[in-house]
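Below are two complexes that have chain A in common, paired first with chain B and then with chain C.
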Partner chain A sequence: MAEEGLVHVPIDLYRFDPATDKAPRYQRFELDLAPHTPVLTALLKIREMDPSVTLRYSCRSAICGSCAMIVNSKSRLACQTPVGPELEAHGRIVIDPMRNLPVIRDLVVEMTGFWGHYKKLQPHLIPDPHHPLPEGRESPMSPAQVEMFKETPRCIACGSCYSACPAVEADPEFPGPMALAKLYRFVVDPRDGARRDRLLRIQPGGLWLCLRCHLCTESCPKDVEPSQRIRDLKEMAIQLQGATENGSRHAVGFKENIRERGTLNELKLVRQTYMPLDMLARIPQGLRMARRKPEFIRTPPKIAGLDEVEKLYQILDDAPREGT
Partner chain B sequence: MRLAYYPGCVAQESGKELDMATRWVAKRVGIELVEFPNFSCCGSGFIDEANSVLNTALNARNLAIAEKAGLDLLTVCSTCTGMLTLANVKMKDPKVRQRVDGALAQVGVKYGGQTKVKHLLQVLTEEIGTAKIAPMVRRPLKGLKVGAFYGCHLIRPAKELGGGSPEEPHQFEDLIAALGAEPVMYRGRVMCCGFPILFVREPTANRIAATQIDDARAHGADAMATPCPLCHLSLDGFQNQAAKVVGHDLHMPVFHLPQLVGLALGGTPEELGLPRHLVATDSALAKIGSVAVPA
Partner chain C sequence: MQRHDVVVVGAGLAGQRAALAAVEAGCDVAIVSKLHPLRSHSGAAQGGINAAVGKEDSVDTHIYDTVKGSDYLGDQDAIEFFCREAGPTVVEMEHFGTIFSRADDGSLARRPFGGAGFPRTIYAADRTGLALLQALYERLGTESFTLYEEWDLTNILVHDGRAQGIVAFDRRHGDFAAIAAKSVVVATGPAGRIYGRTTNAHSCTGDGIAAAYDAGAPLKDMEFVQFHPTALLESSILITEGARGEGGILKNASGEAFMVRYAPHVKDLASRDVVSRAIWTEVKEGRGFPGRYVHLELMHLGRERIESRLQEICDFCRTFAGIDPVTQPIPVMPAQHYMMGGISTNIHGETPIPGLFAAGEAACVSIHGANRLGGNSLLETLVFGKEAGLAAARHVAKAPTPVLADADLERETAQIRAMSDRKDGEEPQRLRTEMQSTMDQLVGIYRLPEELAEALRRIRALKERYRAVRIVDQSKVYNLNLTDALETGHMLELAETIIVGAIARTESRGAHTRVDFPKRDDARWMKHTLATQGPDGPVLSYAPVAYTRWEPKERVY
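Then we have the complex of A and B:
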């Protein structure tokens, strides 16, 4: 029985030292803790019991972003995750290192890949030669300008979003949510001289591999909402240079497709997205689909009230849009 | 219960079996599907990427059609659900509202923000309730282990969609259990199917689909089930491609949500459109024994 006011907390901790261990394992620790105790505090108590337990942490105040890890399958900062609710929901606490980054030891992961994508974006203000920053003092922004950053300046680069991202998991070229949220921050900064270039440079393999699954937004301990900012970047990229690759061609093609009938013409969308050679390569799969699902190659009827849809396109899509 | 039926594009086209199964199930559980020939596409997230305000306006028009009829909207697609719900949220932003209202006014449409968007999963588990579904079961899916696959836009972003836990939803598993099958818990159930980038970089999309299928299998699933026809396209329609990319067989039957419900309520594979799948569902049907239903 735990002391009054304390709860008994079974913790299954991921242990792995690639230098000596063949495979990762879980080690069970049992602690009696107050329900509000942060997972990080529990881990530090565990380290007193077993000094070989390895983890990163620093500020304990959800500012430094060092203690990002997986708590009961969810990306969390250990310092701001109390044990009580986790215990209530799962009966125990399973702790794993972040995903999508190689484990150095236990909960410490190699973050070079994460930082590499970030550095490539030149995450610093590049002054505009036509509008030099004032010498020797700050370059002030109006509150309205600051608002354009949305929540991106709150990012503490903890890596939670990178760890949660299925596109990062499946494709090493995708820079990940954090890098793109930071990119957004510079693309909308009126003082930055490389705003256009930043947007143009990132496109191939960058922006359009985002799945808009919003797992990054859910995993972010600072509510930065990376998935929404990536969406914003996509719209800006299309406005800047039109449809230049599969991703933007698909988005723009889809928009034009719906304008014609109000409903999706599936086969036509394939033609609107792919270049001719890509198209050819997909014929066998298309035939396979069409055999079981003949509607795939039929042109659907137009919806009733298509004139209303057309008018909305004229007002909101044909007219020049405000914004970047 | 009367609801404005918003089938979405795919359920009327290559995913017609979803529409077939929805109609079959709706009749049995007492949902009257009121149809509107003037609904337009939800934009599937793609129009939102190309022109967010246009996307909101198109969906506000859809919501207004249901509102005028005094009905809430029934969806059978996670993506439609997400897009229509997000339009409701965006219309609360005064700047967006002003632009969209202005455009809608020019086509004689007014949207008062009253239409609720409800996915079939939500209607079955929350409005009708699994306690009422369970006694309707004529062919319990005993012996079948099913991995629910939610589809991102049904559960995220949670702040906008409201209700339920985005990380640990359970409604689908509750329903699967009520049908007599055994729900399988696995990480992939709330992950992405890869569909949104199927046209951007197909092998990456395929790899993502394979990851979730492998995960479901590793946790014992005989079949998967999804409330989203786009997930179905990725998991079933392109499963052969996913197997090629990862270099091993996948062989995972994937049901649309109402197909699974329909099977338990006594529907035949033909009535529910199972022969239209690219991956045969025979292995799953064999698990629940004879496909014949006791009279």
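Then we have the complex of A and C:
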């Protein structure tokens, strides 16, 4: 029995040392802890029992971003995650290294890929040569302009979002939520002169691979909301350039498509999304779909009450847009 | 062997600023850091950075406040230089891209801070360190330099009286390497983890300070340890002075706003040493809450102001203490926060050893003297980081090519091999825990001679036991147990310098409060302590304080 006020916490810890282990394994540790004890504190107690347990940690106050890991299947900062609720929900605490990044040892992962995407986005202020920053004094910036950054200045680059992102898993070329949130931070910076270049450069293969699943936002320990900022970037990219990428053409096409009939005209959406050459490459896929799902090539009838749909579109068109 | 013109150890604000200055001066620069630069403890600084840029404020007032805050132990020439550089430094960081909080007219917003005559602290919500660290890292990223990431410093190599490079341990691959450099800049931050109750990150183990001390550099004013008045009760997580700057009030168990009795004029915004002693006294005399703490109240500020200006604090309190500062008081007690002391340097970051430089909290110029003002440490990292980088670059132009011997590396690896080969011995973490409880109990805010003597006895016993320290983990890959051992060794050396300095200084000044000598004694003690490593522990000597315009007066807040 655990001491009064303490709970018995079984922890299954991912262990892997490439020098000695053929495959990863879980090691069980049992601790008696107060329910509000952070997972990091539990891990440091485990290190006192077994100093070979390896993890990154430093500030223990959710500001250095070192201790991101998977706690019961979710990307979390260990220092910010109390053991009590985890125990209640799962009966034990299973700790794994972050996903989408190769394991170096135990919970320590190789983050070069993560940082590489961030560096590729030119994450530094590029002042407009035509509007240099005022000499000897600060650039003026209103509190409203500071608000434009949203929560992106809070990002501590812990990698939780990158670990949670299925688009990163599917395509390692996808920059990932953190890098895109950082891009947003520069795009909305009134001191930055490269807004246009940044938006143009990120489109092919970057921005439009986001699946809008919001797992990044759910996993972010600092409420940076990367998925919302990616959405903002998409809107800004379309406003700047129109729908020029398959991704943006799909988004704009989808909207217009539904407006016409109140339901999706799938064959038309294909034409709205892909450029002619891309369409040719997709003919075999189209034929397969037509065979399996014949309604795919039929134009659907307009739905009843289409005027109501149009009213909704009018409201949306008139509504002010956030983040643009 | 790797070779560079300049090796900067530590990648926080001071280290990065030094590296930037040296790169811009045309040097081949390497940064060696045990953390990724964005993980540095600079990022945990909350409240702000001081610069007298307001119309009603003046550089002279900033100088005076800093001199007074230092309890007249700060070097006035250094403080004058420091405060003059403040405005340009903040503007430069703004131009690098720092997202500061703004006033309605678009200028940099400022908040009042402890010990300051005017609202002088420029801030980015309550994450000013993070904002600066991001901007500087991003600016430095446009330059070319070599980063040795997650390398532990083990030694600074001094031959023929000059620094010639370092030895460091590559965690990832498990190898020691010597890195030759004409200039070595130490910017490894503080050693707060000597204490158990500290606001400092786990990484703050004073590696660079200890290595410089071991290499023969004198440490200055190590006995002056700042206790921040408001740390969360159990975790010792920092609650920024900005919370009181925004109007937060300390109250004891009977609901009394007690600071008026200790600092009738500025109350909760007195200097940190004053507020910490006040809280300690309240608790000691039975006016604290059961569990020995006081309350910091923010509720009267209103949800909007608390959540916008103290956003991280809200998160900390909700996550780490389970309380909501919008509706509940925050339970706080003082905790170790800052080391005024460090590697003795002049205003150019130069140590007495040619080729060895230091900046930031690892260094002691001294501008903070016996007590640092809030908002002055972020400024220090940038002003003196740049100075050290420039001085390091100047030294490169005139220094001969460094010569390192194979023996330098062999000595290091043999020592570690001995630790790993031991079948039984001392666990580094156990030694660390005993050191921390010793310092917490016996070398705190109020210091008694018999307690200091007992602390010294215990730390020396721990140093003796450390000779048999054992590394259990046998892996070559990311061996943290080896890091544990290295860090513990560093901290034990530094703990001894703090205690020896505190025993010798028979007066009370700033953060150093001797119960048996409650008064400041300018006639005997207006001087800096210098500790140099000797065969039987630290050897003390003293150096004069530099004066310009400000005569010592009694400090009243």
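As a convention for this text, the second predicted complex is superposed on the first by the 298 of 324 C-alpha atoms of A that agree within 3 Å, B and C clash if a C-alpha of one lies under 4 Å from a C-alpha of the other, contacts with A are read in each partner's own complex, and residues count from 1 in each chain.
Note that in this section contacts are C-beta pairs under 8 Å (C-beta built on N, C-alpha and C of every residue); 3 or more make two chains touch, one makes a residue touch a chain.
Owing to the predicted nature of the structure, the values given are computational and were not obtained by experimental measurement.
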(request) Consider chain A as the common anchor and indicate whether chain B and chain C clash or fit when overlaid. (result) fit
(message) Quick one: is A:262 in contact with chain B, with chain C, with both, or with neither? Answer first, second, both or neither.
(response) first
(request) Please work out whether A:300 is in contact with chain B alone, chain C alone, both, or neither, and reply first, second, both or neither. (result) first
(request) Considering only touches as defined above, state whether A:166 meets chain B (first), chain C (second), both or neither. (result) first
(request) With the two complexes superposed on chain A, say which partner A:66 touches: chain B (first), chain C (second), both, or neither. (result) second
(message) Quick one: is A:19 in contact with chain B, with chain C, with both, or with neither? Answer first, second, both or neither.
(response) second
(message) Under the stated touch criterion, which partner chain does A:280 make contact with: chain B (first), chain C (second), both, or neither?
(response) neither
(request) Compute the least Cα distance separating chain B from chain C in the superposition and give it as a whole number of Å. (result) 17
(message) Using the touch definition from the top, list the residues of chain A that touch chain B in their complex.
(response) 73-74, 89, 166-167, 169-171, 205, 208-215, 217-218, 225, 227-228, 231, 234-235, 238, 245-247, 250-252, 254-255, 258, 262-264, 266, 269-270, 273-274, 285, 288-289, 292-293, 295-296, 298, 300, 303-305, 307-309, 311-313, 315-317, 321
(request) Using the touch definition up top, name the residues of chain A that touch chain C in the complex. (result) 17-20, 36, 38, 47-48, 51-52, 54-66, 80, 82, 104-106, 108, 111, 115, 119, 123-125, 127, 133, 136-143, 145-146, 149, 153-154, 156-157, 185, 189, 191
(message) If we count contacts the way the header does, which residues on chain B are in touch with chain A in the complex?
(response) 9-10, 12-16, 37-41, 43-54, 57-58, 61, 99, 102-104, 106-109, 152, 156-158, 166-168, 187, 191-192, 194, 196-197, 199-201, 204, 207-208, 211, 237-238, 240-241, 275-278
(request) Report the residues of chain C in contact with chain A in the complex, numbered from low to high. (result) 35-36, 38-41, 43-44, 88, 90-91, 94-97, 99-108, 124-125, 127, 130-131, 134-135, 138-139, 141-142, 172, 201-203, 235, 237-238, 311-312, 315-316, 319-320, 322, 427-429, 472-473, 475-481, 484
